[in-house]
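Before any comments, here is the structure.
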Amino acid sequence: MDYKFLVETFFVALSGVPTALFITIVALLVALPLGFLLALTRINQIPVLNRVAQIYVSFVRGTPVIIQIFIIYSSVPLLLASIFDKYNIEMNVYDVNPIWYAFIVFSLNTTAILIEVFRSAISTVSKGQLEAAYSVGLTNVQAFRRIIIPQTLVVALPNICTATVNLIKATSLGYALSLQEITLRAKVAANVGYNYVEAYIDIFLVYLILCSLVEYLFKLYEKRLSRYRAVGI
Amino acid sequence: MLEITNIHKSFGENEILKGVDLKIEKGDVVVILGPSGSGKTTLLRCINFLEKADQGHAIFGDIDVNLKTASKKAIHGIRQKIAFVFQNYNLFNNKTALENVTEGLVIGRKIAKAEANEIGKKALDKVGLSEKYNAYPIELSGGQQQRVGIARAVALNPDIILFDEPTSALDPELVGEVLTVMKQIAKEGTTMLVVTHEMSFAKDVANRVIFMDAGVVVEEGSPKDIFVKPKEERTRKFLKRVLPEDYIFYI
Amino acid sequence: MLEITNIHKSFGENEILKGVDLKIEKGDVVVILGPSGSGKTTLLRCINFLEKADQGHAIFGDIDVNLKTASKKAIHGIRQKIAFVFQNYNLFNNKTALENVTEGLVIGRKIAKAEANEIGKKALDKVGLSEKYNAYPIELSGGQQQRVGIARAVALNPDIILFDEPTSALDPELVGEVLTVMKQIAKEGTTMLVVTHEMSFAKDVANRVIFMDAGVVVEEGSPKDIFVKPKEERTRKFLKRVLPEDYIFYI
Amino acid sequence: GSSTSSGKEANTNEGSSDTEVKKVKIAYDQASKPMSWLDEKGNPTGYDVEVMKLVDELLPEYEFEYIGTSSDDLLVGIEQGKYQAGVKNAFWTQERTEKFIFPKEFLGLSSAGLVLKKENEKIKNLKDFASAGFSLAPIAANNAQYTIVDEYNKANKDNKVKLKAGDAFTVDVVQWVNEGRVDGGIAIEGAFKKQVAEDGPYHNLKNDLVYNEFAVIKTWPLFNKKEQEFADAYDVAIKKLKEEKKTNQLSTEFYGRDLFEVLETVKR
Amino acid sequence: MNKYFDVSYIVESVPMLIPFLKVTLMVAGLSVLFGTILGFILAAMKIGNSKIAKKIAFGYTTILRCTPSIVLLFLTYYGIPAIADNFGVNLNDIDKAVFVVITFSLQFAAAMSEVIRTSYESIDRGQFEAAVSVGLSNSQAYWRIILPQAFVVALPNFGNSLLELMKEGALAYTIGLIDIMGKAELIIAGNYNTHALEIYLALAVIYWILSIAIEQLFLKLEKVFSKGKQVITTT
């Protein structure tokens, strides 16, 4: 075992954390509101949207992420290029930074997962809460913003945490998009001297630290948010 | 003040309300009695648009709407004038007692926060919860929760408050405290429409009692009329079941 | 028949039972009254070892145990002689009404299935549920569920049945049907220990009433003694709160 | 030796005076056609594998078992001793000698070249490519080609190629270059030729693209650090095969060209 | 894009891929089996009274949750033989599939322990009390009353974890296991790394159909087993 390499590469891998987190955060920013809205369309069984959401969720949940990455990465530029071509749009599809593909893939993926998370969380908030909100004169939007969403969030938080941790881990597949994230950096460093054993240990450590930290932060936040549930029980 | 005519409401095949009329004057305290499933809750919910009636008409002060086709704006307008006290309290779990009371004022009515707090505290004081402004619902007993529910309704200063069995989810010992509060606000002249099984409340406080069964109003009149000399057989049978065998009225 | 002495039980810092004694003879119907939190439920649960008492002794027929150190075998032995009817029914959700009743017979007592079904059906018939053998709890109303709960207890043919507020989770109208069943089995000579807020039951059926407060027995006696001329101030205060203002005893 | 286990008994029964036959595991990258791959019938083949099979035949004291796997696993596995040796079109670097035994004799030659659009035909090597400011298709970090470009960049700090690591199976060099997704990519001559060949999947692009070779490099088998004896045995055998021109034949068979003809110009 | 996209590759690859579904399913099946057993043990540790056992079980879950599958795969594939080696046991000749199964069993156990724990805790304690009050022993109460109810609660989450496992299992090709994903890799390599999109589309469709089948199966199971359980409709 090459300990010097082990230590050096640990920091190389660590330098990929911002990329991983960036993707994670963008994906969450897209997926949280979108997932919530689509969860509502599913709960309220809005005819066409519900069906579409259902198919979308089933595809994303049913196929490995690496395959989704591949399909998006290879087909989107082809599709765009042919569309641009047809309408004479002057734009180079290929100048796009591959991180955009990561945003797309991971946002779509996380949205699908959060739809299900929110769907079950919303159904735990009793209908009476919404009715009470109406009865004191709140509008639909106000009722959701002030009463339903905060309560849903608390229930959903543990599952959102799981989804986030899985998302962070899944960004390791970003190597397939040439993203400078944790796994790719460690592996590139390993290539010169074929130090793969050390590289994998480093990758393991970085994810372990990163994910447990995220988990810990979620727990803290959960405690704060659920103040109104925890006390007195 | 509130006049409802010919409400019909079905759930699927079941017709639950079969043309109910109801007229309430300012200052009235009306109690609705009736067996389980007779449509009492449904009636209140239709009035507050928590259910959409299939047919029916409401005149409320200067607002005059069809219960089926009412616009969002009309619904919102009527809801501003009506408050609702739920059987299961339905306090906002994520808000303190005071926030529960002020939520409708600040967000719904756009009253300044400071002023809303003022109003809210007064309402909570009125129901005897001066010590509990900052308690979350989970920290309160059932009776206290229901009193917050009442304060929440009162604070809105509505034209009328609807109560749907406000004490039936409470432990027997806690019923008293809630009834006391209700009697007090009734005495202050608040217009109230109350579904309840508490006969003592009906007897002492109501100026009109309505007996419903199977989606229609069977009989209505003063408490004395209903309890002492009910005209209908159905009313008699119901009262016999509900009242303690040896309950004696000396009205 | 059952004699309990000096039960103590604390939850953390809180001492809930502070030395309760209790003696029940065969055929007794004993009602326990007391304000919320006074330890009534805890007492019943300790007797059935659903909670482990911190101290105390029980003599039950030929079994004589320390409530704290009782062996698994002794616990099992006592539980075979005692049945429990829960406030929230606690029917087995995954079993039909009949299966609920026979479960303890077939599995606990090793009675042959056919015979157990026989016993079970008879018990369900007794509580008026001949039509509901194969209904799952979810398909039954609260009153029906509680009657299954009682049938389940009766079928075990126990020496004593403990009831913990068997009607307090029921809608007012459904209370009657359960009380009727309870009265009937009491008349048949079943030994019963009942926690309830139903004064009419205490008055009509009990031969002894115990008033508990803050973990001790404050007063006990015949229903007449307790309701008409309670000796203790605490008892008086409690009865005043619980009984309808104009409730009149003509005992 | 022999590559099948049934052959083992035959060997020992022949009663050769040697010590017992030693079983060794030879890992190969099973998805790296034409260097090494697992064919449709489930047999390992490819230039690297076929050479090793010939080596096996010359070493009666060894019996080779071929284990197909991924490139990462191959490297970790040989280092850890799970496999005694492996082939994956590996190039030599000083650092790697810390981890593995590189034998004295190389295994084969590999032609690396730039795949470019016809119009960029004049770009002949990495220097031209860098000067033109072209973009390069990502190369898998564990691919030897990555090392070549990386080394070029280290030597030419003022005229670097835009090198990106990626993953082999997401990058289809020929398609990408033709689409214009990148200006150029690095490919192995044999693979490129097969793609645009008569029956190749991209025969339709034959006239749109060019392949400009910029280096021919020796490739090596990797041995576990404890397998010096085995490496030495390999050296003897491979030397014989080269002398018999067996390697030349295989080069022609798998790469469409006898790379040993240009052995003189190979720098490393 | 027709220049690069050729549907015939999809059509041709499907019959080549299908036979390898067997491997995928076997790995998943065994992992589910062992993972569930280990999950039960972990859940028991979490529910039980021993503080140390609790710590260990929760710690285990955290670490496994935080480790990417591919890393875990390498850790077991190399770690276990390395440890065994210290005791003079040679595990290097064991089939790769065994390590894949170990890896995913470990991972599945972490997920299952949470599924089991939460579904157990969702059952009202009154059910247990009622059972012992009619004279069942503790273990009879668990087997006859608690577990059947907890099982129904656990089913949907079990199904989700199973789907997750199927997908993560696709990473087994990184140590050279030829399951359906590995076969796809081989087909692509056989085409000199071209037309991968078509092969992956074929693969995606197969995975998709498989997951729908599993989902439907679990819906059916839920229906069958939830007699007497309140069916909560979300409207």
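A, B, C, D and E are the chain letters, set down in written order, and residue numbers restart from 1 in every chain.
In the analysis below, a contact is a pair of C-beta atoms (placed from the backbone, for glycine too) under 8 Å apart; a residue touches a chain by one contact, two chains touch by 3 or more.
Keep in mind the model is a prediction, meaning the values are calculated, not measured.
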item: Chain-contact steps, minimal, separating subunit E from subunit B; value: 2
item: Those chains which touch subunit C and also touch subunit B; value: none
item: Rounded Å distance between subunit D and subunit E, as computed from the means of their C-alpha atoms; value: 37
item: Inter-chain centre distance, subunit C versus subunit D - centres from mean C-alpha coordinates, in Å; value: 83
item: Inter-centroid spacing, subunit E versus subunit C (mean Cα positions, whole Å); value: 47
item: Centre-of-Cα separation between subunit D and subunit A, whole angstrom; value: 38
item: Residues of subunit D touching at least two other chains; value: 72, 76, 80, 169-170, 172, 179
item: Residues of subunit A engaged with two or more neighbouring chains; value: 70, 74, 78, 81, 197, 200
item: Pairwise chain contacts under the document criterion; value: A-B, A-D, A-E, B-C, C-E, D-E
item: In the complex with subunit C, residue positions of subunit E that touch it; value: 124, 126-127, 129-137, 140, 144-145, 148-149, 152, 227-230
item: Complex contacts: residues of subunit B adjacent to subunit A; value: 48-50, 76, 79-80, 82-84, 86, 88, 90-96, 103-104, 107-109, 136-139, 152, 156
item: Touch list for subunit A against partner subunit E, complex; value: 43-45, 58-59, 61-68, 70-71, 74-75, 78-79, 81-82, 119, 122-123, 162, 165, 169-170, 172, 183, 197, 200, 203-204, 207-208, 210-212, 215
item: Residue numbers on subunit E that touch subunit D, as the complex places them; value: 3-4, 6, 16, 74, 77-78, 81-82, 92, 173-176, 178, 185-186, 188-196
item: For the subunit D and subunit E complex, residues of the former touching the latter; value: 25, 30-34, 37-40, 67-70, 72-73, 76-77, 80-82, 168-175, 178-179, 191, 194-195, 200-202, 204-205
